[in-house]
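Pasting the structures here.
What follows is a pair of complexes built around chain A, which joins chain B in one and chain C in the other.
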Partner chain A sequence: MKTDVLIIGGGPAGLSTAIETASRGLDVTIVDEASKLGGQLNQQTQALRPLPSLYESMRGFELANKLIEQIKDYNVRQLLNHRVVGFYADGSAGITDEENVFPVNAKKIIVASGAAEKAVAFPKWTLPGIMTIGAAQTLINRDFVMPGREAVIVGSSDFAMETAIQLMDVGIRVKAIIEKQSGALAKEQEKVRELSRSGIPFYFNSFIKEARGNGQVEQIDVALPDDVITLNVDLVCMDGGRAPILDVLYQLGCSFGFQEELGGWIPQYNNRFQTDREDVFIAGNAAGISTHGPLLLTGMIAGISASEELQAISALEAHEIREALWKELELLEDKEMHSGRVKHLEKFANPVLKDQFIY
Partner chain B sequence: METNYETIVIGGGVVGSGIAYHLSERYKEGVLVLDKKYPMSGTSGSTQAWVWVHNKTPSWYAEFSMYSAELYPYLSKKIGDVEYKRTGGLSPFFNESDREKAQKLAESYRKIGIKIKVLSREEVLEKEPYMNPEVAGATYSSIDGNVNPFRLIDMYMRAAKRNGVRYSTYNKVTEIKKQDGKYSVVSDKGAFECKNLILAGGTWSREIGDMLGVKIPVNQLRGQILVSEPLKPFLNFTISGLRQANNGEVLMGYSMEEAGFNRATTLDVIQETANMAVQYVPGLRKAKIVRAFSGIRAMPEDGFPILGKVPGQENLYVAATHSGVTLSPLIGTLLTELIMDGETSIPIDRYSLSRFGESEFY
Partner chain C sequence: MHIEKHPVLGRQLHKPVTIYFNDQPYQAYTQQSVAAALMANGIKKLGVTRKLVQSRGLFCSRGRCCSCYMTIEGEDHVRSCMTEVEDGMRIYPNMDDPEVRRDIDED
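Our next item is the complex of A and B:
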């Protein structure tokens, strides 16, 4: 199979990059291991803001549906329930339907593989009932399954606070929020206040010492600064942050650099979201963990840049659009993240990890 | 760090560390191993690690390999558990017409005292019940086995260090000078002096030789390996092409391609390898592959080990070979004899660099 642009990952960044390329007449193929496009948006019921000016504020799953609707206007080949498992010697991507593997020869590859949640380990953390906040959210919002009745949340990021509220909305009792640091980490402090008002204790400088249970979590010991308390719970939701999913970029031989603000190791890319493997572009969380608005913008920039190289848009026009998108990105993105991104771009010429496959 | 040594070994892979350890049994001080990264970062960390004798040709090379395999049980006693298992080796064939070739191999081995049996289909399936029932037969030798290469090198290093050997890692050798009958080895972390210099740089041997104006004709040959998820123990033998490690993972692969120093894996070879594995052991079709890796073999131009003194150069030794895992205890033993006693208990003239002719100097 041949295509102009192969997009790996059909979440918000992959979809926005698909719109940018397909709308300019390119032959676009999008591959995703899930059975539905939209990625993590599908289980996100919270209102997303700020979004790029093109989009009014809406909920995650609404944005997914909107983006999916938009690509329907163009002829985008969708390979759902498919995975990229490696690359052939001639550079074609190897894609599997879990039965066979076939080559897809693409002129440009845009990697929008997203991020994976990190777990927080403690003794017996593998007991059923202990899961990441994203997993709990998926169960509630996408699968309509109650993950438990009595829960604690480990972590206090915006995402963790949002999940706590969503758990309460479906009638799960949140018994405590446990945070290692000395205060809540969420930027949207009103959510923290909302949770406090409903009587949920925040345990700061605290962590789970151990979980217990027969075949599933029943009890946890929480180490407070000067005490250990035991809570009866059947659900522990933990927020260990997220890390970019980079396997494909590693296999493609891209260079990497370390950027704390963007989630750690990420590929090096320039202001076109192009890696040092010139035919490989990058978008979304794989280019550094950020929030929804910026993720869409990175996908748009990558899409414009790939379109330019395939001569589907003039260099001048591409340049102007890119400038505008970068301005909006600076506006929308959290200051710290954005300065991390700018620092990261500067390291493009001198990557820390290069030629990892060359002895 | 001490800068004066009796002997310096360049390269801490299975070959270099094997030599360093065996030397340390004879003298307690004065050995330094230099590695540009760390032992196992080279080919020794990306290998199948069979200790393999059978179907090496010609028979004198098989004999050499056999002597090394015979040292393994003894080596594990000395340096500790390296997960060496003498499983026996099976080389299956799927065409009745291959039986004659197998019989000839067995015949030529008999003369040198290596017992190879040519098995019938029923005998193969009795030994290895998960083998493809369409197998026509197999050659079998009881001396073959495999080892955990990570443990092997780790144990070599621990034992060597206990005996006083020094290691300097992340320290690339960039230049070698000869002055006043001594070698001055210039590295990233400074210069070291020694009397004896041993070149054990594996697939980088050519560039290290260049530093001394010595041509060591070693080329690169990539090999790709697939690793399955851990499976219950079900393979009894080391089968040419695959083996099951102690932790249950099955390692598959026997590919060779020219790709320079590029260690990437490619789906072309991964698919070929998977097909080979499934042809041998159909049950593997259900197993999940959890990773693929590749290593760059150090392949001497004629395929045989390069061992011993560098002709015309005093106190300069070289050990560069394919099948370094199989051969390391023997190479370690023989090079130690050569350095300490001036001669070896098993002749190694055949493996001298001089066989490549005068062209080794320039």
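Our next item is the complex of A and C:
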């Protein structure tokens, strides 16, 4: 199979990059291992804000539907339930439908592989019933399944608070929010107040000492600053933050740099979201953990840049659009994150180390 | 338990199917993942770890952690959180290593 642009990942960044490239007449292929495009947006029932000026405020699944609707007008091939498993010597991607592997030859590759949730380890944290907050959200909003009846949440980020509210809305009793820091981490303090008002205790400076259960979690011990309490729960939702998913970029041999604010090791890229492998662009959480608005913008920038190289748009026009998108990115993105991104770009021009990975 | 009426998304579970876990029938709905459908029926233990023989369940529901491996329609080590249920599907937990030397033409 041949295509102009191969997009790896069909979440918000992948879809926005698909719109930019396909709307300029390019032949675009999206590969995603899920059975539906939209990525994690599909089970996000919370309102997303701020989004780029192009989009009015909406809920996650609404945005997924909108983006999917938009690409319908264009020449976009969808390889759903498909995965990239490696690359052939000639540079073409090896893609599997879980039965056969076939090569896809692309002029440009845009990697929008997203992020994975990290775990919070404590003794017996692997017991069934202990899962990431994202998994709990997927169960209630995508699968329409109750993951449990009595839960605790480990962590107090915006995402954790949002999930706690969504769990309560389907009738799950949230017994406590356990946070190892001395205060709630969520930026939207209103959510924290809403949860406190409904009587949920926040245990600060606290952590799970141990979980117990026969074949599934039944009980946890929580170490408070000056006490240990035992709670009966059948669901523990943990928020360990997120890390970029980079497997494909390692395989592509892109060079990497460490950027704390963006989530650690990520590929180096320039202001076109182009890696040091000139045919490979990057977008979304894979280019640094961020929020929804920026995910869409990075996808748009990568798409414009790939379109420019394939001569689907003039250099001048590409330059102007890119400038405007970068301005908007600076507006929408967390300050600290944005300055991390700018620092990261500088490293591209002046790499401290090249080939720093031992293969 | 299935969520029959979701506070934001309303009624979404329309097409019931029957799946078999350890040869016992359970009700699920199309578009649910195997792992989720089992959880709705109170089954959280999907297998055990190879080395320490500890219970495993759904952890990420994203296809990343591989904690949800099961045997689905005769195929071992399938990520049950990424596989949608189908009517009559036969599902077994992964309680030990798969027989990798099995002759593929055997069945």
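Operating definition for what follows: the second predicted complex is superposed on the first by the 350 of 359 C-alpha atoms of A that agree within 3 Å, B and C clash if a C-alpha of one lies under 4 Å from a C-alpha of the other, contacts with A are read in each partner's own complex, and residues count from 1 in each chain.
In this section, contacts are C-beta pairs under 8 Å (C-beta built on N, C-alpha and C of every residue); 3 or more make two chains touch, one makes a residue touch a chain.
Bear in mind the structure is a predicted one, so any value in this text is a computation, not a measurement.
Residue contacts after overlaying the shared chain place A:331 against neither chain B nor chain C. Of the two partners, chain B and chain C, it is C that touches more residues of chain A. Of the two partner chains placed by the overlay, only chain B lies in contact with A:86; chain C stays clear of it. Using the contact criterion defined above for the overlaid structures, shared-chain residue A:135 touches chain C, although it does not reach chain B. Legend: residue contacts after superposition of the two complexes on their common chain; A:58 is shown touching neither chain B nor chain C. When the two complexes are overlaid on their common chain A, residue A:94 makes contact with chain B while staying clear of chain C.
By the touch criterion stated above, A:215 is placed in contact with chain C alone, chain B being left untouched. After overlaying the two complexes on the shared chain, residue contacts for A:35 are found with chain C alone; chain B is out of touch. Once the two complexes are laid over each other on the shared chain, residue contacts for A:1 go to neither chain B nor chain C.
Here chain B touches chain A in the complex through residues 42, 203-204, 261-271, 292, 296, going by the rule given at the top. Within the complex formed with chain A, the residues of chain C that make contact are 1-4, 6-9, 12-13, 29, 31-33, 36-37, 39-40, 44-46, 49, 54-64, 67, 81-82, 84.
Listed in rising order, the residues of chain A touching chain B in the complex are 85-89, 94, 101, 103, 251, 253, 357-359. By the touch criterion stated above, chain A contacts chain C in their complex at residues 33-35, 40, 45, 59, 61, 116-117, 119, 126-132, 134-135, 138-147, 169-170, 215-216, 245.
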